[in-house]
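In what follows, chain A forms one complex with chain B and a second complex with chain C.
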Partner chain A sequence: MPAADVLNLLIAALLLAGLYAAMSVGMTIIYGVMKIVNLAHAGFMMLGAYFVLELHERLGMDPLIGVLFAFPVFFLGGMLVYWLLVRWIPMSDQPTLASLLLMFGLWLVLQNIGYLVWGNSDRAILTARTFRTVHLGPILIPYIRLVVFAAAASSLAVLELALRKTWFGMSVRALMQNQQAGRIVGIHVERTARRTFGLGTAFAGAAGGLLAMLYSFSPDFGRPFLLRSFVIIVLGGLESFSGVAVGALILALVETLSILVLPAGYQPAIAFGLLVLALVVLPGGVATLFQKRQRLA
Partner chain B sequence: MSDSRGAGRLPLPRSVGAILPFLLLFILVLLPLVGLSPNITRLLFMTLTWITTSVAWNLLGGFAGQVSFGFAVFYGLGAYTAALSINDGIHPFFSFVLAGIAASAASLLVGLPTFRLKGPYFAIATIGVSEAVRVVMTNLAVTGGASGYRIVERTRFNQREHFYTAVAVAAAAIIVSYVVLKSKFGLGLLAIREDEEAAADLGVNPFSLKLLAHALAAALAGVAGGVFARYAAFIHPQGVFAFHTSVAILLMPIIGGVGTIWGPVVGGAVYGLVQEELIAVFPQIHLLLYGTLLILIILLEPGGIVGLLRKLGRLAGHSGGERGSNPAR
Partner chain C sequence: MMENAKSAQLMQRAAAFGLGLLTILALLPSGCGNRAKPGTAEIRIGVILPMTGREAKPGQYQKEGIELAMQQINQKGGVFVRELDKKLPLREVFYDDGSDQARSAGLVERAMTSDNVVAVLGGYSTALGEAESVMPDRYQTPWITTGAAASTIFSRGYQWAFGTLSPTDLLGYTTAQFLGTLVDGGKLRKGLRVALALENTDHGVDYGNGIRKWIEEHPGYFQVVFSEKFDLGSPDFSGLLQKVKNVRADIFLADAHLQDYITMHRQYTQMGMYHQMLSYGARGPERDARKAMGDATNYIFAGIWWSKDLPYPQAKRFVEDYKTFTGREPDSWYPATAYDATRALGAAIEKAGSLNRTAIRDALRSTDLKDSLLPGQVLRFGKNGQVNTPFVIVQNKPDGKTDIIYPQDAATGQAIAPKPK
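Our next item is the complex of A and B:
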């Protein structure tokens, strides 16, 4: 196969990885701070997609601006959900089944509200950008993918900055490392958890908006992406931001390159297969591979 | 493990509680003889099939505390095994046995890797397994892929026979669940649910016990799938392997009262009766309803309907069963 095709696939994988990272990061911070596996992530992604669609169709707003608006709206929505539901579940160092089932119930509710409001037909956001491509010699890049990648990457950069430089960001990182110690040094755990949940939800909503620019969607939209997010954060070691980037890249590469060996119909199964494999073989994430190697050396 | 004794009882006086199941069975057996409309029979048939899967899920999810989002795999495999073997001329009842065996075998394949994971990680892994199986079945040519598979029987359709099959299978599932709960095996499962490490220290082998419970539950779910497939005469991956099938199988026992004998039965009955009626009128409302119920149950009454009844029973001054513990913890 020609080198240009391989290059095209690799670039496609890289661009996809950026989106995947933005999609998973919300799940990681919620897991890191609260040890909650947020199955409602899928519901928020779906709502994000429809949020951007509605702004686009009713107000003629550019989907990218819509994504920008999704951040504050979903942040507040996430804090509301935390206040209404999540805070009643006792905090724990270990993920609990109660929190898993609670978030699952919330997902069901969100999904079926979606069905009630928007029906079950597939929708898509089409703009002048959607079908444009960029040619760089033999390399062909869909313009919209570049845009989505840029949006995802810049949102991740802002998040990284916020986590490093702000008091809230430092509290989040402290709680991810050790909740007990965080409490001792005077971090307001409840408030940080509430805002973290808001932030994770904001990223879910925004990622949903970005995904909606690339794929058609229905109220069942979030499920495959929820599982992909979970594969990514498991590959990344569950609570590390650089791990998310690595996990996103691995998944994007495997999915993209699988086209070469597997019929396209089986492609969705790859993420799920990888999920089970990652959970069973590498429960500590890809990083454990390198740690083992270091120990051996 | 004092609560294992009371765990199976509804808040009823002991004598009534002992007779009720037989009374129920008696009524179910007599019902078709007084002449039920085909529609009501279908409703009861579906409800009984749901009850079977609900009781099956509870063996693993309720007694052993291993929440699985993947029971559609076993239900679907059972359905397809039964379908293929009925079309091969194998007697339907024998094909149900094959369905159970196939689902059981699959449960080992699923369980061997995933039971190395604990709690929520196991739950998530089962979502992955069930989605992967559905994608493969959608693409598999032997079974018609996404377009589904038709079952052709060279006998006249006898709804009553289907109904009695469902009654028998549901009754067998409840008996299995009762026997398991009263056995040492069941005690081991409850111990795993309460504290896996402590159970292991006491000489329980969590891994093999969970595998066994999984296999038993999968067999029952597979038989239920087979019974359904024969009745429906047409199955397709988006139906029997669908995520919402897994979700339904998980919701029923939680709504009814997880970890008890009658909770999953009550949950399955409520789900079956309500859903089969609601789904025609408001296809989306029912999952909205169950999602809300799930949230309320997790936050307010982890014992489900049976737990709530027990509380009410205590309030009314009856000597109900001891308080069941909360396996959803």
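Our next item is the complex of A and C:
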């Protein structure tokens, strides 16, 4: 294969990784603080896609601006869901069956709300930039993928900054490390959990808006992305934000490049093979690899 | 002691007898396929289609086709049942299978065993139809799939399965045949390189086999230089498309469901790809796809089971009726095959003159629907239960227009080939 084609694929993988990271970080943050595997994440992504579509179709708003609007709206929506449903689940330092069932049920409810409101048509957002491409010599990059990558990377950078520089961010990181210790040093666990759920939901909604610029969607939207999010956060070590970025990059690279040597039909098997491998060999995620190396050094 | 043992033995026998009786009673409704009650005031037809999940859209269209046919039959008083000497209305017993194979099979089983239906319609898509297809023979109830075309369903010797979609290998064969006519007509040159991307289902396999069969029968026309399967509902096709790009083929033929067609073709266009001819199998002119991709769908051609532009009076009448019924024109073949399946079933019941399932099955085997909407205008089930009507090839044209371009006698426009860049 010519070098330009390999480079094209590598760029495609990198752009895909940005998107994968943006859609997984919401799940990671919720899992980290509350130990809840948010199966409703796919439902919020679907709602995010329709939210951006509605703003685009009704108000003529640029989908990127729509994604910006999605952040506060889904943040508030997430906090409302927390207040209505999630807070009744007893806090635990392990994922519980009750939380799994609740979030699965919520996903089904959101999906059916989607069917009631928007029907079952496949929808898509078509703008002037949808089919534009950027040519860099022999390398060709779909403009919309570049835009989506930039939006995803910026939102992750802002999140990283917020987690490091704000009181709320430090509370989140503390609770991810040790909930009991966090409580002892005066962190308001309930309030932090509520905001964290809002933040995770905001990222799901925004990721849905970004995905809507690339793919067609229906109320069933999000299922394949949810499964990929699982792979990414397991690869990333479940509670690590930098791990999410690494996990997303690994998955995107393996998925994209493995197609060169394997038939495309094996793509899902590759993702889940990676999940099994990570669970068996690296249950703590790729971060443990670096920790082991540091210890050895 | 002896008496105790005897009474215990008696008790055991009584229990075994009771258990056996209960088993027989429990099995009776499901085991006896021909027990549709003739005394009822209606003819119950099971309809199992996806209203939710990934196949919801075609499922909705097919349901509309069935309901329109039922409404029209019922407006005429229903179906005449000779045995009862009266007309009975058709009544739909509907279940949404959620695009889930296991659920689909379970619901067909439920309809056949618990709902006192005389036949079941449904089974869109191939994957769901495959799951359902094991039930008709088990419960000896006629089943007509309105949306599954894979030849595997009809090659297992089932006696109670029927289908109103022509086999998918014929779709592939007709697609290659059409491309061959473009070569003969001087629009394409001989020896063009073909790349195939096929969904990882029997549908995809059959489509590919049909294309290869025609190419083998007509050496020198085309050569297949790439053939690979892809997973249904994949969120990303960039790797597969990159491989297709690398083989530098002249013609790209994919077999995809609607959602995959939209995703794949968006990426195809974003990657700046071009082929002289481009098809996504039976997908192409759907309204959702054209809305989602605009001008990027122009000149894509598709092999379809039915087109609203077919120049038959009954097809034109159906388009009008469907528009009145749903408020919009049919934008695909989905409602037509379901509509004709329902009419064929009605005709078979009338011919059988009975609500006996075996009699209906036998009547279906010899049904000859002469004003069929399908290409060729006659719906007749083959020995394997599947119809074998020809396909029509349509091509998207600018401004949302779609023309039938093959066969010539039904054409509403000329094929544009090669596709403009």
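Throughout what follows, the second predicted complex is superposed on the first by the 284 of 297 C-alpha atoms of A that agree within 3 Å, B and C clash if a C-alpha of one lies under 4 Å from a C-alpha of the other, contacts with A are read in each partner's own complex, and residues count from 1 in each chain.
Operating definition for what follows: a contact is a pair of C-beta atoms (placed from the backbone, for glycine too) under 8 Å apart; a residue touches a chain by one contact, two chains touch by 3 or more.
This one's a predicted model, so the numbers in the text were calculated from it and none came from an experiment.
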For the three-chain model obtained by superposing on chain A, do chain B and chain C clash or fit?
-> clash
Scan A:185 for contacts with chain B and chain C and give back first, second, both or neither.
-> neither
Is A:3 contacted by the first partner chain B, the second partner chain C, both or neither?
-> neither
A:261 contacts which: chain B (first), chain C (second), both, neither?
-> neither
Regarding the shared-chain residue A:108, is it in contact with chain B (first), chain C (second), both, or neither?
-> first
Using the superposition on chain A described above, determine whether A:214 touches chain B (first), chain C (second), both, or neither.
-> second
First (chain B), second (chain C), both or neither touched by A:128 = neither
Does chain B (first) or chain C (second) touch A:136, or do both, or does neither?
-> neither
Name the stretch of chain B, from among 55-63, 73-81, 145-153 or 181-189, that runs into chain C once the two structures are superposed.
-> 145-153
Go through chain A and flag every residue that touches chain B in one model and chain C in the other.
-> 111-112, 115, 120, 223-224, 263, 265, 268
Chain C residues within the chain A interface of the complex = 51-54, 56-57, 59-60, 99, 197, 200, 228-231, 233-240, 242-243, 245-246, 258-259, 262-263, 266-267, 269-272, 288-289, 291-294, 296
Of chain A, residues touching chain B in the complex | 37, 85, 88-89, 94-102, 104-109, 111-113, 115-116, 120, 223-224, 227, 230-231, 263, 265-266, 268-269, 271-273, 275-276, 279-280, 283
Parts of chain B lying in touch with chain A, wherever the complex brings them together = 65, 67, 113-114, 116-117, 119-121, 123-125, 127-129, 131-132, 135-136, 138-139, 243, 247, 254, 283-285, 287-288, 290-295, 298-299, 302, 328-329
Give every residue of chain A touching chain C within the complex, in rising order.
-> 1, 5, 8-9, 12, 16, 111-112, 115, 120-124, 126, 130-131, 133, 140, 142, 144-145, 214-216, 218-220, 223-225, 228, 255-260, 263-265, 267-268
